[in-house]
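In the two assemblies presented below, subunit A is common to both, partnered first by subunit B and then by subunit C.
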Partner chain A sequence: MAAPVAGSRIAPRRVPGLISLVVLVVIALVTLLGPWLAPYDPGAQNAALGAVGPGADHLLGTDNLGRDVFSRLLAGARTALIGPIFIAAGTTALGTTLGLLAGFRRGWLDAIMMRLTDLMFALPGLLILIVVVGIAGGSYVTAVVALIVLGAPVDIRVIRSLALSQRELAYVDAARTMGLSDRRIMFRHVLPNLAPTVTSNLLLSFVFALIALSGLSFLGIGLPAGTPDWGLMIQENRTILDLNPWAAVAPVLLITITAVAATILGDKVFERLSAGKELTA
Partner chain B sequence: MRDELLRVSGLTVSLAGRRIVDDVDLVVGSGETVGLVGESGSGKSLTARAVAGLLPPTLTAGGSVRFSGTELIGASERVLRKFRGRRVGLLMQDPFAMLNPLLTAGAHIAESLPRGTRRDRQEVVRRLAEVGITNPDVAYRYPFQLSGGMRQRVAIAAALAGDPELLIADEPTTALDATIQHEIMQLLARIQESRGMAVLLITHDLRVAFQLCDRVQVMYAGRVLESGASKALATGPGHPYTLGLISALPAVERTAVRLEGIPGSVPRAADVACQCAFADRCGQRQDDCLTERPPLRLLDSGRLTACRYDVAPAASVAAPPSVPSARKSSANGPLLLVEGLRKKYGQAVALDGVDLRIEPGERLGLVGESGSGKTTLARCLLGLVDPSGGSIQLGGMDTTRLRHLPAARQREIRPLVQCVFQDPSTSLNPAMTVGATLAEAAALAAEQDRRPVGEVLELVGLPSGYAKLRPHRLSGGEKQRVAIARALAVRPALLICDEPTASLDVSVQAHILELLRTVNSELGTALLFVTHDLAVVRQVTDRIVVLLHGKVIETGVTASVLDSPGHDYTRRLVASVPTFTGSDACTI
Partner chain C sequence: MDFAKVAAKRLGAVVVLLLTLSVLTYALLALAPGGPEEALLGDRASTPETRAAIRALYHLDEPFPVRYWEWLTGALSGDFGSSIYFRQPVLSVIGDRLPVTTTLAGFAILLTLAVGIPAGLAAGLRRSGVLDQGITFSTLVALAFPPFGIALVLLYTFGVALQWVPIYGSDQISNYVLPATALAMGQTAIVIRQTRAAALDVGGQDYVTFAKARGLPRLRIWGSYSLRNAALPVLTVAGLLAAGNLTGAVFVEQAFSLPGLGSLLIQAVNQKDIPLVQALVLLGGAVVIAVNLLVDLAYMVVDPRVRHGASTRAEA
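And now, the complex of A and B:
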């Protein structure tokens, strides 16, 4: 046996996953501690100052109304990230439960579920979202609920196909032979075997929601004007790119970095969880 | 010795610096049939792949492979391509995976025919005839339109199309039914003789190797333990491992008093690099077996063994009394009564009026080839599929449509009949620890019968520490033990075993069969043993039922049915079991 690698060394293939994890943890901490870290009140205006570039007083400069960009980024992390977290949790819970039921039970439930997802796939999702949220008064909560419903079909399909292949395996037959209830077999036996996919789905849904919500904010849907929010900041500050480019570029970078980190982490978590216990029909 | 065709010397195969095949020598003369025998993990298939230059890219080969003088290790793909097909033919285990589903049988053969004859339809027909396919229309059929045996024949014709001097056959019959295995093996032997071609046969089945090969080389943990003429090896093995393998073989002609497996499991080659690879499982180990790797020494007339000592004949311990069956003729009627059971899948008839009767504690064998309906029957009894007609009575209760009974009633009946499935790698939930699996099963038994997990593990001969492990940490044999333990934890009256040893090595198979016999005699659990292997069924059953096309064609006491089969089909089944005459040391 080769001696175990010294503890200070990290295998090169684990570096991207670790960096992603660190980035996400830092972003999460900043989101939580934002109000205490912010040097200024994110809403405080200083019309006399106007838009200025980064400097000693203002780390990332100010926007048109003289508001501190750095403080607004910290405060904006809340609406930008907490919504997607709810959406990811909601989509995964809904998609996993319905997908498992459809794939494991088959029958009429499966048929209805499949036609419903077909319908959802055929609809232009974001367009509907814009219309629905627009009509419903443009509230943030409506957008979150609508995105949960829009995101679920993908999860339903993925989990259903996995459940279909798992139910053919002998361990499911063995559990049936023992007289265990369908519910127990589904949630105690089959679901843990789908853990790698469920976790990586969770992270991918988060990315999808992050971009969709920021997109809506950019279009001015969901949040009232003036709210500190990454998507909204891009829209408000794109006109002052010449005065203080950071005011628009910083939120773009943050959205991109968060999305990329979550995607990579999703991949790595999937690889890690499925290592060694692959099981195929 | 005939002209030397292939000489492998000092061959190593490593994965990321760890050796999997370690210092293997192998010589195949032209026109000679050599068997490479070993259990899973012995490195026999990797050796064959290294010879053909077909190792997966993550593995690296070292040493030397010379084919009629040309070095193949490290040779460029262009050089290798000149050898593959034209000088070395390859035949793989799964004929379905080997044939391209989009090409016809004829196209497969025509593709590798020598230049000039590729467009010759007559040549394809001749090649098909050589492998026993007389119907020329087969050339126009696609692989999915052919049966398993036909596919393997087409695969053989394709492998031979380039007229190779050496055919490497890697487990060519493992995926096939017993009678077809027999036909394919005979076909290979016939073609070998008529073409004067050399064959390197890779197999886990000693009986097949002894029957077909001039010389046999036994591999273990990536190295060669013994090599020599088949006859000499079969009658007087020169290595304790070979002796162990031979002793573990069940025989179709007799019921062994005790089935001797080899204790432990195959180590990884890299872990035993500096000792005798077999030492940890060897009954006659000495101190120096562990300190130094024994070299191959010459025994006599070309026989080599990697054991320093003379092999002691199989210890003739006073044979323990034969394990009796726990059969009781009970006053309460049979445990299981099946009458006129039918099952149709669309137009296909899987079961066509099957009658079956099992007394409490009885051991019944259900024998048939694929498509005979034996697995469908087992699944009907387990309440996993609904029969289309007939009735099933279990312990006096009607369980014909078990799936549709109320949940409470199912919970009451289902523990009565449990199952050990064929492939232990899928029958255990990979996400649950052994302990959780067993505890869940034990909770289903009646309160007064519940056994703690440790006791259930002990029942199947596993240490209680295994409760903490997940299935992927266990070997195939250990997984099957856990699967048996799970079934027993429920305290069933009837245990259905669906080919429980088909995916296991011989040395492990003997342990599992012995365990099942003990379970029957000590716990009084009735066994329904579903299998295609007649030698196995002889060891563990009192009565057998032979199934063909969903009908029972013969039934009776196991020994008398196998010794003097009444039905033509049963006779063919018995004849297809490979046999060899071993020495007295091997008779079990």
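And now, the complex of A and C:
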């Protein structure tokens, strides 16, 4: 390990995690404050102007209908990020609960969970989701709910295998001997020990959801055309790459930067929290 | 358990999977707004007679199991009905578009293996070196980069900024370079990670140390011991890659306006062309299931432990 830079108190190995955290906090703030920061109404058209590149009036230029790309990016952060936050929370809650129950209780629930996750792993889930939501004319909310279900199997499997090894440990026996209920042991004693994994699952689910949901928008599924949204902006503006590339490239970069930052943070949080804990699945 | 028993068990599971997939696929008809009749009529003018004809043709008045059975037996003999939009048998519509997607997918798989395995080995051999860190970070970015995003950045860089390739155009093989690259990026990252982990794992095993101690040449050690053992975990992700390839092709074809099965699926979904969608979903699912089966069988051939009943995949 390299020695810390003189005058700095931050160990070099913590730099990537910290940068990621700062990036995510800035993106979250911008998402919340977007409506107050946007210089233009994201829906305001200026057909006479059309698509122009970045300039003094429009920081990142305009799209085909003369709408301000920067303002649309700010407004689009909401649908692009809030959905994935809900999906990540939902997937983690569902996957952790079911995985914990399956691994700790075993029995018929475990058998069902294993077969069900086997089934979901064996089919091209995202493809089926695109078709189902597309055919049913599903809304943004439908897509969010469907992605919660689609993401759960990974969490179920990971948490289950950890719960399996935890239930053999002495503290679980001790708690049993004291007459604590299964539910109490699972959620008050075992779950806290799985915190590193649950936290990193949360961030990884967020990355999966961010890419999947913006992908659905890119295909024109879920959100009505014209909504300011990162995925939809990529779809709508891919034909004006020669006039104003930023209209499509900027949302691509934002999605990727957010996903990379969340992945790195997930790794680092896991390393940090699991230091000193035996957590090998 | 012997080979035949294990193989029979896997085949049984495959049949169950295919049936589940087909029920799901058939149920799509019921999902369409306005019900199956409207979906199958499309925008054709309808008289009570045509409606009755449609109901009879698709057995819509029969109970669900009968309807499903009629559809399934038809599908099994290659009859998926007619596309509502193209007014042609579904299979011939698919046949027209198939070469585009197979070229794209084949090209992408070639790229994935040609880049992924050497890069993974290189990273695994010099653990924590600059090269390893660089490669590991690149895979992280590649995995977080959505395929349609990569497609767009490639289009801008090589089509608009450098003007090396036409943005949209002819169907020469050079047209597939950018789409295949966009499709291959995420998969390559998975193969690199898997190969790297396998190389690290195998490199530390006793039999490798022992082979070194016996003074075997390095090439021999790699060939007979390391690569063969490292092949197993790499094989495991093949099923994952097949599914990723299919889904990725949808996004990439859409981004590059390639007339393949992926863009056909999106078009069919948007036009609610249900018979076409059903055939495409069933086809895609069957490909993924078949690849997974092949992986399992290959496992049994490569690894005697699996053949003798010790499961390595089921509990993973």
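The criterion applied here is as follows: the second predicted complex is superposed on the first by the 270 of 281 C-alpha atoms of A that agree within 3 Å, B and C clash if a C-alpha of one lies under 4 Å from a C-alpha of the other, contacts with A are read in each partner's own complex, and residues count from 1 in each chain.
Note that contacts are C-beta pairs under 8 Å (C-beta built on N, C-alpha and C of every residue); 3 or more make two chains touch, one makes a residue touch a chain.
Bear in mind that the values here come from a model prediction, so they are computed numbers and not experimental data.
Once the complexes are laid over each other on subunit A, subunit B and subunit C both fit without any clash.
Here subunit B and subunit C are compared by how many residues of subunit A each touches, and C touches more. By the document's definition of touching, of the two partners only subunit C reaches A:211; subunit B does not.
By the touch criterion stated above, A:244 is placed in contact with neither subunit B nor subunit C.
In the superposition on chain A, A:220 contacts subunit C only, with no contact to subunit B.
When the two complexes are overlaid on their common chain A, residue A:134 makes contact with subunit C while staying clear of subunit B. Contacts of A:92 after superposition on the shared chain: neither subunit B nor subunit C is touched.
Subunit B and subunit C, viewed from the C-alpha centre of subunit A in the overlaid structures, lie at an angle of 90 degrees when rounded to the nearest 10. Shared-chain residue A:260: touches subunit C; no touch with subunit B. Superposition on chain A places subunit B within reach of subunit C only down to 6 Å, the least C-alpha distance between them. No residue of subunit A lies at the contact with subunit B in one complex and also at the contact with subunit C in the other. The residues of subunit B lying in touch with subunit A in their complex are 17, 270-271, 382-384, 407, 410-411, 413-415, 417-419, 421-423, 425-432, 440-441, 444, 470-472, 483, 486, 490. Residues 17, 20-21, 24, 28, 31-33, 140-141, 143-146, 148-149, 152-153, 155-156, 159-161, 167, 239, 243, 246-247, 250-251, 254-255, 265-266, 269-270, 272, 274, 277, 281, 284-285, 288-289, 292 of subunit C are the ones that touch subunit A when the two sit in their complex. Of all residues in subunit A, those touching subunit B in their complex are 1-2, 169-171, 173-181, 189, 192-193, 195, 276-277, 279, 281.
Every residue of subunit A that touches subunit C in the complex is listed here, in rising order: 119, 122-128, 130-132, 134-137, 207, 211, 214-215, 218-221, 234, 238, 241-242, 245, 248-249, 252, 255-256, 259-260, 262-264.
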